[in-house]
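All remarks here apply to the structure that follows.
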Amino acid sequence: MANIFTSLKGAYNLFKHLDFDKLEALSKKVDIPKMVETISNLDEKQLSGMMKLAGGNRKEQELPPIEGDFYHLGDEALKDEERALQLKVRAFLEKEVKPIVNDYWNKAEFPFEIIPKLAKLNICGLTYKGYGCPGKSNLMEGILAMEMARIDTSISTFFGVQSGLAMGSIYLCGSEEQKQQWLPLMQQFKIIGAFGLTEPEVGSAAAGGLTTTCKNVDGKWILNGQKKWIGNATFADILIIWARDVDDNEVKGFIVKKDNPGFSVGKMKDKMALRIVQNGVITLTNCEVFEVDRLQNANSFKDTAKVLRMTRAGVAWQAVGCARGAYENALEYTRTRKQFGKPIASFQLIQNHLVEMLSNLTAMQTLCFRLSQLQDQGLLKDEHASLAKVFCSLRTRDVVSKAREVMGGNGILLEYNVARFVADAEAIYSYEGTKEINTLIVGRAITGFSAFV
Amino acid sequence: MANIFTSLKGAYNLFKHLDFDKLEALSKKVDIPKMVETISNLDEKQLSGMMKLAGGNRKEQELPPIEGDFYHLGDEALKDEERALQLKVRAFLEKEVKPIVNDYWNKAEFPFEIIPKLAKLNICGLTYKGYGCPGKSNLMEGILAMEMARIDTSISTFFGVQSGLAMGSIYLCGSEEQKQQWLPLMQQFKIIGAFGLTEPEVGSAAAGGLTTTCKNVDGKWILNGQKKWIGNATFADILIIWARDVDDNEVKGFIVKKDNPGFSVGKMKDKMALRIVQNGVITLTNCEVFEVDRLQNANSFKDTAKVLRMTRAGVAWQAVGCARGAYENALEYTRTRKQFGKPIASFQLIQNHLVEMLSNLTAMQTLCFRLSQLQDQGLLKDEHASLAKVFCSLRTRDVVSKAREVMGGNGILLEYNVARFVADAEAIYSYEGTKEINTLIVGRAITGFSAFV
Amino acid sequence: MANIFTSLKGAYNLFKHLDFDKLEALSKKVDIPKMVETISNLDEKQLSGMMKLAGGNRKEQELPPIEGDFYHLGDEALKDEERALQLKVRAFLEKEVKPIVNDYWNKAEFPFEIIPKLAKLNICGLTYKGYGCPGKSNLMEGILAMEMARIDTSISTFFGVQSGLAMGSIYLCGSEEQKQQWLPLMQQFKIIGAFGLTEPEVGSAAAGGLTTTCKNVDGKWILNGQKKWIGNATFADILIIWARDVDDNEVKGFIVKKDNPGFSVGKMKDKMALRIVQNGVITLTNCEVFEVDRLQNANSFKDTAKVLRMTRAGVAWQAVGCARGAYENALEYTRTRKQFGKPIASFQLIQNHLVEMLSNLTAMQTLCFRLSQLQDQGLLKDEHASLAKVFCSLRTRDVVSKAREVMGGNGILLEYNVARFVADAEAIYSYEGTKEINTLIVGRAITGFSAFV
Amino acid sequence: MANIFTSLKGAYNLFKHLDFDKLEALSKKVDIPKMVETISNLDEKQLSGMMKLAGGNRKEQELPPIEGDFYHLGDEALKDEERALQLKVRAFLEKEVKPIVNDYWNKAEFPFEIIPKLAKLNICGLTYKGYGCPGKSNLMEGILAMEMARIDTSISTFFGVQSGLAMGSIYLCGSEEQKQQWLPLMQQFKIIGAFGLTEPEVGSAAAGGLTTTCKNVDGKWILNGQKKWIGNATFADILIIWARDVDDNEVKGFIVKKDNPGFSVGKMKDKMALRIVQNGVITLTNCEVFEVDRLQNANSFKDTAKVLRMTRAGVAWQAVGCARGAYENALEYTRTRKQFGKPIASFQLIQNHLVEMLSNLTAMQTLCFRLSQLQDQGLLKDEHASLAKVFCSLRTRDVVSKAREVMGGNGILLEYNVARFVADAEAIYSYEGTKEINTLIVGRAITGFSAFV
C-alpha cells in the first residue's frame, strides 16, 4: 500500500511523516485508495483548505511545500490544460525516471526502457504542426524541458536531440515527402535521431569552418570527415549530418542511416557530466547517400542556423530545470539534516545559500517565461536566446554549487540527488554555444561591433 | 574565388556581409585578388579611412538603439495607454531632471523647482482609488519607479516617500476624514509628507524595538523620542510618526505638523549616496498631538507593516531603474570612447561586461514584472517582495559596478552619468530592509524556520 | 526537569554546557524554575553584568584586538626597526589625519596643514639612495603605502604622486644636476611635484598615443596639448610633463614650473572618489621650457615606463590599505552595534561577511609581501606588478563593499569611516592601468600572445 | 650534473625539455658549468636574442613556460635541497601517477601499484622526528601536498590520511611503545592506516556529538557504532577509531585491526568526486580492543583536535595543488586549441579567465606559504588554518571552474585533465570542515562571539 501513497504526490506530501502503523489503522476506517485519488485531484487551494480543517500537528503542516516555483508561474500563469500537462509529465518523471538515473549515470549507460514510456506522453515534436505532432506553444515546450531537466538533465538532453535537433532539421529543412516519411515515426520514438554538426576541431565556430565534406558524384553524395560529441549517435537509427559541399562551398544536410557501410561511430567514454547521454565520435569514410536523403531545403548554413535558433531557448529552460532540481533536493535535505541538535535549515548561513539559490532560480524562470513569449509572438532573435543561455547557464552553475555546499560531504554522493546536477551543469554551460560565443552574439547586437576575432 | 576571400582575414571581415552576386559584379571592374591583398596590408587607421571614404555603411543609424529593454517589456507587454504614460514620464525626466541632478547631487541639495512639474504629471498616489488619485495598476507604478530611478534614484526616492510611504500610511491607516483632508493635497504636492519609523538604534529590527513613545494624557498625545534617516523630513509639511504607546505597548501612528513646537529636525549632512535626498534626524520632545491627528486605523505594528508591504515592490523596481540608467549610459560611452584606435565597445573584454550587465538587467525586469503581476492579482506576500529586493539590489550593485568599470577613470566623474548610480546603489541596497533581513524573511518562508536571532 | 530548562531560551543558553549532575546539585540549593524565570527576564546588560559578577569570561580585554594583520606580517616578518617605523607612521596617521579627512573629503578640498607634518616623518623618497633620501627597501615602502591608505587613500595618493611619480621621474630620468636641484627639496615637501602623462582622450593606452607635443625651436622647447587627471596639479610647484617630440616622434619629459605663462590648470570638480586629491586638467599653450628643464635621461616612452614600473607595486599596496581600513572599521562597528538585543557581530550572516573580508585582506597582504620581496631581489617584471594590481584592486572592491554592507544604512555616512573607502576603491580600481589593461599585460606574459587589439 | 642545471634558473628554463642524453653529448663540446653561468647572467633581452639566434622552432621557444609558480616561490624562496625534493616528487608524479589516474578515477578504483613507489620517495611522516621519519619543515610538507594534488587530489588525500591523520594520531597521542611499533612500518607503507572520526549523522560537529561508544569491560574495550566517509578504510591494516567512553563521557582513540571480528566495512560507491579515494562506512559491533591498542595519550577530544590542527594546513595546500593542476592544463590547452583560425589563448575573453585563475592561484600560494611559516614558528592557531582552508577551497572552486570553461566541451572529458579537478574540488571544499564551520571558527576568533548555534 505504501507504494500507492508514494506514487501520488498530493498524498505523499500529506502523509510522509505518518508511520505505517497509523496508515494501517486508517485503512480500517476509510477506503484509502479512493481517498488518495480524491486528495490528489484537489487543487492547491483546496488542499490547503483541507489541511487547515484537519487541524492537528500544526508545525509539520505549516512547513511550506518544497517547490521551486516561488512566483507561481506554473499554477497562475499557465492555462489549466497546460498546467495539467506539466503535472502529468512531472509525475511520470518522478515515478519512472528519478528512481533509476543515479545508477545509470554512475555506469554511464542509457536507460532504454524509458523510451516507450516517453512516447506515450505524446510530447515529442511538441510545437510542430501536423505529422502527428501536437502543435503546442513554445512556452509549453520550454516548461517541459525544465521539468525533464529538473529530474535528469541527460534525459532532457536525449529528448532535446530527438524532438528538437533531429526532428527539427527535417521539419524546417526537409521536403514534404521527407517530413511524412520520418516525423510521425520519430514523434513516436520508433525512429531515433541524432544531429551531427560539431567536429573534433570545430566547436562553437561551426558557422565558418566545417571540415566534413560532401561531393556529388554521379548523382550520389559522398561524405567524408569526422563529427564529435554527437548525442544519441551510438544507437540512433538516423543521423542528420551537416557537410560542406566541395563544389559550391555551401553547407548541406543529409539523413544517414546507421547501417550505412561508410558510417561508423565510437562512444565517448570518459565524461564527468551528462554521463547518461551517449555521445559519439562519428567517422564518415566515402559514405554514400542518395539525393532522396539529402534535406531538400537545406541550402546553406543559414538553414542549419534556423534549427539552432529554434532549439536554443530550450537549452536555457534546461538550465532552469537543472537548477530547480538541485534547489529542491537541497532544500528538503536542509529541513531534515540536523547538526548541533537542530535542522541545518534553521541556520542563517544555510538560509542565505537557499535564498540566493531561490532568487537566481526565480529570476531564470521569469526570464525564460518571457523568452518563450517572445518566441510565440514571433519576435525571437538569436541574441534574445543567447542572452538567456548566458544568464541561465551561469546562474545554474551558482545554484547547483550552493546546493551541493549546503549538503556538506553528502553533496558529493549521487544518492542525495544533487551531485549529478553539479556535474551536468558543466555540460549545459558549454553546449549549444559556450558562454563566450553567446556573449559575443549579444555583444554584437547591442554594440553594433563584431568582436569574434 | 570565394576560397581566396575566406582565406584572407582582412577581406573576410570586409566582405562577409556582401552576397556573392555583388562580388562577381565587382570582379568585373577590379582585379579582386590584388585588391584583397592590398586591403589586407592596410593598418587599422588606413582601413578605417577607406571605409569612411566609401561612404557606405557606418552611419550612426545602423547602431542599435541604446535602450535597456532587451526583451520588449515596455513596447510589447504593456497596453498602449500604459506605454504612453511610461514614455511621457520618461520624456519629462530626460528634459527636466537629467540636466540638473549631478549638480544638486554634488551640492547635496534638493531641486525644489521640479515639484510643481512632477505634480502636473498626475502620477502621485498612482494606485489609490478616489481622493484625486488615478487608480492605476501596481505594474504601472513599478514601471514608473524604474523610469524615475533610471534618471535619478534620489528623485525616485523623494517620490516614493511622498506617494508611497506618507500617502500610503493615510490611505491604509487613516479615517475617511483624514483621507479626504490630506490625500488630494498630497497628490498635487501641495502638502509634502515624510514617514518617520527608523530610529538611531533601531534599523531593520523596527517591528520589535521602537523606542519612541506616545502617551495619552488628558485626551492629548505626548510623543517623545528620536527618528533617524527620515527622507524629506527637513522640508515636509507633515510627518507620519510611529510610536509605541506606553500604556498598551502597541505601535500607533501620528500626523505631526512641521510647526509643532515639540518637533525639531536636523539635516544629515555627510552622505556618500542619494545626496539629493534630504534625510533628517527628528527629535520629539513632549510633542503634543491631538487625537484627530492620530491615524485612526493604525492599531498595532501590523498596520504599519501593511504600508511597508505595499511599497516594497517599488524599491525593487527602483533598483532596476538604477541599473538601467547606469547600463544605458555606459553602453553609449563605450560606443564612442576610443582607445588603440577603435571604439572600446568593439573589444571582447568590454562586450563581456556589457552583456553581463544586460543579462542581469533583463532578468531583474522580468522578475519585477512578474512580481507586480502577483501584486495586481492579490497574491503578493512579504517574501515575494523580499526576494525581489534581495535579487535586484544585489544585481544592481553588480551592474553599476561594471558600468563604472568600462568607463575607466571617467567613471568616477559625475558628468559621465554613472558615478552617481554607483554611489546611490549602496543606499538602495540597504534601505527598506537590508539584504540580511530580507534574506531571513524569505528563508523563514521556505524553510519554516525563523533564523533572525 | 531538563524539559523546563530547554523550554526557556535564556536558561538554555546559559546552562547547556553544564551536565545534568550539576543541575541536580544546584536544585538542592535554589528554586530552579524560579531562577530560570528571573534570568530569562534579564536584559542583555543585566545578563552581562551577572556574568561578570560570576567571575566568568566576558572581560573586554578578552576581545581580540581590532587589527587587520591576521598572519602577523607586521610583528613577525619585519625587522624591529622596520616595525617601529611602521608603527610610528600609523600613530601619526591616526592622530593627525584620521580626525580631519571625512570633512575634507566631503568638501573636496586638500588639508595643506598636514604637509609639514608628513615632511617630519622623513619617509618621502623612501627607497632612493642619496639626495637626502632614506634608502630603505621596497617592502618598507609598500607597507607604508598600506598604512597611509588604511587611514585615507587620498593622502596616500598625494604622497605617491610626490614621492613616487614626480620624484621618481627625476631620480630615474634626470641628470645629476637635476637630481641635486630638486630631490632634497621635494623630499622635504618644500617643493611639491605632479606627474603629467594621461590626456583627455588617452588613458590606459598612453604608450602609443600621446597627443601633447614638444618641439625644439631655437634651443627652447615649445609644448602644446592637454593633460587630464593630473594629481596635485592645482597646487604643485613643478609638473613633470610628458610630450611627443614632433621631430623624432619620441616621448620626452619636462619640468614645467607653475608660473610658466604657457601653463594653466583647472580643477576637476565633480568626482565621487578620492575627493581630497586635487586632479587638474592642464592646458599647455606654446608653453616654453628651457633645455635645462628637460629630463636629460628620458629619451623615449621606455624611460617613462621605468617610472611606472617602479611605482606600480605601491598601488597594489594602497589597495590593501584601503581594504584594511574598511575592514577594521567595519569589524569594530559590528562588535558594538546591536540589533535584536545583541551585537551584530554575533550573527552568522555578519561573521560570514567579516571572514570573507579578512580572508581576502590576508591573501592580498601575503601577495604584496612577496611582490615587494621580488622587487627587492631585482626580479620584478611588469606582469608581476600587474597581477598584484588586478588581484588587489578587485578584492578590495569586494572587501569595502562587504564592509559597507555590514553597517547597513550607517555605511553610507562618512562619519562611520567606511563610506569613503567604498568610493575611493573605485578610483584605485581604475588608475595606473585599468583591470583590463593589467589583465592583458599578464595575459601576454603567460600565453605569449598579445591581445590588446 | 643535472643538479647544477636545476639549481640555476636560467638554465633550467632553457633546458628542462631536453633529455639527459643530449646534455651529456653537449658536455663533450662545451664547458657546461661555465656556459650555465654565462647564460644565467644574461638579461631578458640578451636571453631572448640568444634564443632567436639558436634558430629552430622559434614559436615554441618564445612561449613562456607553462608553470603555475608566477611569483617564484619554488625556485627563489626554497632552499636548494628543498627545491630538489620538490622537483623529485614532481617528476615521480608526472611519470608514474599522471598517466594512470583518469582511468582509475573513471572506474572508482585505487591504484595499489603506486604504494611501493611512494614509499621509495621517503616523504611519509615528513615532519615527524624519529621513528624513521625525515623531520622536515611544515612548509616542505605543504609544498609536497600541493605537488601531489597538482597531479591528483585523490592520491594526495590517500597520502594525507596515511601520513597525517593515521600516523599523526599515533605520533601525537600514542605511547612510546605504540610509536615504535607502528610508525616505522607506516612510514614505509608496510602498514596502511585510516582515521575513523566522522559518523553518518555527525559531520562538522564532531567535537560535540560522537555517537560511537566505548566501554571498558573486564579490562577490554567494547566499541559500538558507525563511522562514515573513512578514507582508505576498505583496505587499511589498522584504523584509528574515536569513540566516546560511556563511563566518563570522554573521547578516546583505538587502534583497530582489519581482521577484528567486530569490525566490518562497506565501500561508499556512488561518489562524483575523489573517486579514487576508497571511503568506507565502518560498523563496529561489540568490537573488542585490548588496552594495549588504546592510544595512551588520547584522553579527551582535545587530543583528537591536536591531530586535526596539525593536518589542516595540508588541506589548504591540497586546494592550491588542485587549482594549479587545473590552471596549468588549461593554459596549455588554450595555447594549442584553435578556433576562428588562431589559438584561443590569443582571445581577450580567454586571457581574462587565465589571469583571474593565475591571480587566485598566486594569492593562494603566498597565503599558504605564510601559513606554513607560522606553523614552523609555532604560531599557528586553529583560526589561521581555518582562514586558509576557507580562502583556498573557495578560490580553487573558482579556478577549476574557469579552467573547465576555457576548454569548452572538452573540459568535461577526463582525458583533457581538468574535469577530474573540477569534481575533486567539491570534495576538498567540504572535507576537514565545511566552509561554514571554518568561517565560524575564524568569526569567533575575530569577533569574540561564538555563532555556531
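Remarks
Here the chain labels run A, B, C and D in written order, and each chain numbers its own residues starting at 1.
Keep in mind that, in the parts below, contacts are C-beta pairs under 8 Å (C-beta built on N, C-alpha and C of every residue); 3 or more make two chains touch, one makes a residue touch a chain.
This is a predicted model, so every value here is computed, not measured.
Annotation of subunit B and subunit C: jointly contacted by A, D, touch as defined at the top. Greatest Cα centroid separation from subunit D: this falls to B. One simple way to say how far apart two chains are is to compare their mean CA positions; for subunit A and subunit B this gives 36 Å.
For this pair, subunit B with subunit D, the centres built from the Cα atoms lie 49 Å apart. Multi-chain contact residues of subunit C (touching two or more other chains): 347-349, 352, 439-440. Contact residues of subunit A toward subunit B in the complex are 59, 62-64, 70-73, 76-77, 208, 249, 331, 334-335, 343, 345-348, 351-352, 354-355, 358-360, 362-364, 366-367, 369-371, 373-374, 377, 379, 383-384, 387, 390-391, 394, 439-440, 442-451, 453. Interface residues of subunit D facing subunit A in the complex, by the touch rule stated above, are 102, 106, 198, 201-205, 208-209, 229, 268-274, 338-342, 347, 349-350, 397, 401, 404-405, 408-409, 411-415, 419-420, 422-423, 426-427, 429-431, 434-436, 439-440, 452-453. By the touch rule above, subunit B contacts subunit D in their complex via residues 9, 347-349, 352.
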